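Look at the two complexes coming up: chain A is in both, with chain B in one and chain C in the other.
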Partner chain A sequence: MATEHPLVLPGDTIDPSLIPTHKKQPLRLGPGLRHVPPSTILPTVAGQLVTDLRKNSMWVEYNGGRYIPSQGDLVIGQVARSATDLYFVTITPYTANASLPHLSFEGASKKTRPQLLPGALVYARVTLANRHMDPELECVSATTGKAEGLGPLAGGMAFDVSLGLARRLLMARSREEGGVEVLEQLGAEGLAFETAVGRNGRVWVGSDSPKTVVLVGRALTETDEKALGVEQQRKLVKKLIREMR
Partner chain B sequence: MPREAEPSLNERQFILQALQENLRLDGREFDQYRPLELTFGDQYGVADVTLGKTRVLAKASAEVTVPYVDRPLDGIFNIATELSPMASPAFEVGRPTETEVLISRLLEKTVRRSGALDTESLCLVAGQKVWSVRVDVHVLSHDGNLIDAACFAVVSALRHFRKPDTSMESGILTVYTPAEREPVALSWLHSPFCVTWSYFGDEGEIALLDATWREEQVRAGSCTISLNRHGEICQIAKLGGTPVEAVTLLQCTNTALTKVQEFSAFLDRKLAEDIKRRDKGGLMAELSAENDR
Partner chain C sequence: MATSASQTLAIPGQLLGSASKYQPGPGTHIHESNLYSSLLGAVHVVQPAKAPGPVKRLTKITPAAPPAELPTISVSRSGVSEKREVLPEVGNTVLCRVVRIMPRQAVVAILICGDTVLDAEWQGLIRVQDVRATEKDRVKIYESFRPGDIVRAEVISLGDQASYYLSTARNELGVIMATSEAGNTMYPVSWKEYRDPETGLGEPRKVAKPY
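Then we have the complex of A and B:
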């Protein structure tokens, strides 16, 4: 994360000069901020205050807490069991299951739907999430009818990372905005692997060689646990590659 | 009560496949422990053990009570294990899971039944007053291999513990506060440690030390060996699971001995460091009322 974002603590007063102003669009508050009428904005968590002038929005970037599904998130779920026309999928352990209809896979019909065993992993999008209902998932884009990368994940290994790292990995420009470069570095070292990042703090890594999967997993977890910067990530990758050889 | 989170099929398959290729997820060797750390509290008898992400806290305490009628000369020694929901949502207070029962049984067998603590030395007045020593084990974070971590914590806590000094004069028993007389260490006979092996594969041909929580969930069997640094085995527990070749088991025991010697040396070093830290003005030797054996 870039350093120009100021650190805020719960209940801090936010410097008015930091609040974006826009002529037409209303101000949008993201996670970690609370509007106290008439005109106070209070942070509710500790983290970095990020503002987006173009979208006229602001939010607090923080790492921690548990995953709460929200619409449009990409998650890695684990099939708990199958019912007549849907799968029950665990997004996070020890919470209520989400439902994934049998037919919301690419090209699925009653006869061609994928048969998933309990314990299988799926990469899915959250289509419905609100506080009092169980979330719903889909593995196909409703508009195009294509999978767009979603669907069952075969082989590979799922690693648990913090929610903050998962979010940073999913950023469009994860190196500049998120400060994670570890996957690019590993790719540049000539390793062939594929990943799927779930907002629920799970990263799936697939490759033909288990050695590569273990290495990518170690690089990710270590980056996460030690909160490494870009330069340290580079060193870590070099070290791991040397160990492997 | 929520069931423990199961690993997905992908994880299950991958862990086993990687083990066949001599790979562990965290890059360790098969017979390598995660970094072991031990911190003693400010009070005597508090040991906080971290083994990777597993963390166990043990606290020893002592009070004067009446002995059991059938053993008037023996003190009372108890180990209480509690797995709270703090460690995993699958644990519930007041309803022991299988893991919890197994841990407390193994600790009991390893530390209490092996006679590590001389209970006769806890007797104050025969048939009337004895010390009751109790160790509470709290699991703060669960990432596998609770048994080894808990056993190490219990032994460290007891070795670190000091009970109040007492004296007996003309039938009057006096228990001194730490301000009056320096507390005395327990009469400790030997330090047993647990080493748990996890077996994978159809015939248990792959043996791992210090399995993480994920590895524990996919293992085919396990065997806990308790021994002290002289190689005296206190117990071997192989509770079900896959059968293991006798030769493999023998090799495991040999490796366990080297690990236990490392643990023992580590604990001795930590205890010496702690004594040094407490001995501020170098007056400890003068304050102590304990006789050298």
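Then we have the complex of A and C:
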């Protein structure tokens, strides 16, 4: 695994044999890499260097501490307060709040809009994020006008996880590429719940039974804290189910 | 116009004369029909221009004696030779630096008014509806200005206590100098884009048309 994805530290020189080449597409640099003209590529964070030969791109997989919003991310935020036509939503602690317009929900007009109280959780998409301004969110797709899963999250509970686990949970093939299968395994054991994963390190779990919510939350936080592999996750799930019954 | 510069020094609050004998000039104020100094500086008395002599026509209707026949008394700070402080007025073209951008306005610091470099930086505000003349509701501040840009703007209002209101809604107004994310000075390529010569990347701005 180490030879496949070498560990890089900030400022390391990258072996030219690792840089993918493609006949037609230009090389794309993802997060964690920086291009210093004319021809130097520098890692800026410590992590594993991953390359995708098909798309001719390379990036660094790292488990960072603080979430930095970027456009298009799905995040779970908590409403802090309401202003005239916006909600102020906290995405990351100890930073400026993001703004979410009142009308940015599915089917919202001035007369019919959701009334969110401070403390409510929302699943939103980041529309504007740059280092000069406070981030802006939306709960409806701007092109189609449909929510597509976004909006207020009722009931359940939100758990904090590391950014790396949140990213792996959001991958399309989380078992092969990310090494997390705990949610699928819990579902296979017969528990009924739904989840929403926020890129900012928060996972919301909702279910009819509070025991299920707590169990799923515990499974996720233990997977995160102890860095469990797929097999260990299976054992953990079995242990938790046994404890519950 | 005869100018007599008396070298007496006045301190703020000092009585200069009566309002019936002098006209108030810069650096003075009137309180209960008396003129008092507002600044610490030298007192200047300017005699008014002599009115033209009476016209020798019996049928001419002359207005009542014009009111400004009194000498004007003013106080100016010592060391500043007869130079009044320049303030931005409505209609002036100013150069300013963008300090902060917010979703509906950009806060700027006014540096140069006309051709004069100002002593103090005055705060200005460019609202999102004053950035462009067309499609005002679809303007995005992040694609028009960034912090650190130098902008040529026009004062449209003296505004409130905090800031002047400025506008860039003309072709020759807008960003005249910008630095890229990589730190290089960029050159303009169109009315809405600046380009970094070293990295080749473009950044959106509301570009001022060069003279």
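Worth pointing out:
In this text, the second predicted complex is superposed on the first by the 242 of 245 C-alpha atoms of A that agree within 3 Å, B and C clash if a C-alpha of one lies under 4 Å from a C-alpha of the other, contacts with A are read in each partner's own complex, and residues count from 1 in each chain.
Note that in this section a residue touches a chain if its C-beta (ideal position, glycine included) is under 8 Å from a C-beta of that chain, and two chains touch if they have at least 3 such contacts.
What you see is a predicted model, and the numbers here were worked out from it, not measured in a lab.
Partners chain B and chain C fit side by side in the overlay (superposition on chain A). In the superposed model, A:P210 makes contact with chain B only, not with chain C.
Touched residues of chain A, counted separately for chain B and chain C, are more numerous for B.
For the superposed model, the angle subtended at the Cα centre of chain A by chain B and chain C works out to 90 degrees in steps of 10.
Of the two partner chains placed by superposition, A:A142 touches none, neither chain B nor chain C. In the overlay built on the shared chain, the residue A:A172 is in contact with neither chain B nor chain C. In the superposition on chain A, A:L9 contacts neither chain B nor chain C. Legend: residue contacts after superposition of the two complexes on their common chain; A:A120 is shown touching chain B, with no touch to chain C. Put simply, the nearest alpha carbons of chain B and chain C end up 21 Å apart when the two models share chain A. Of all residues in chain B, those touching chain A in their complex are 2, 5-15, 17-18, 21, 23-27, 89-90. Against chain A, the residues of chain C that register as touching in their complex are 100-103, 141-142, 146-147, 198-199. Note for the complex: chain A touches chain B at residues 78, 90, 93-94, 117, 119-121, 153-158, 204, 210-211, 213-214, 217-218, 243.
Across the complex, chain A meets chain C through its residues 35, 37, 99, 128, 130, 132-134, 136.
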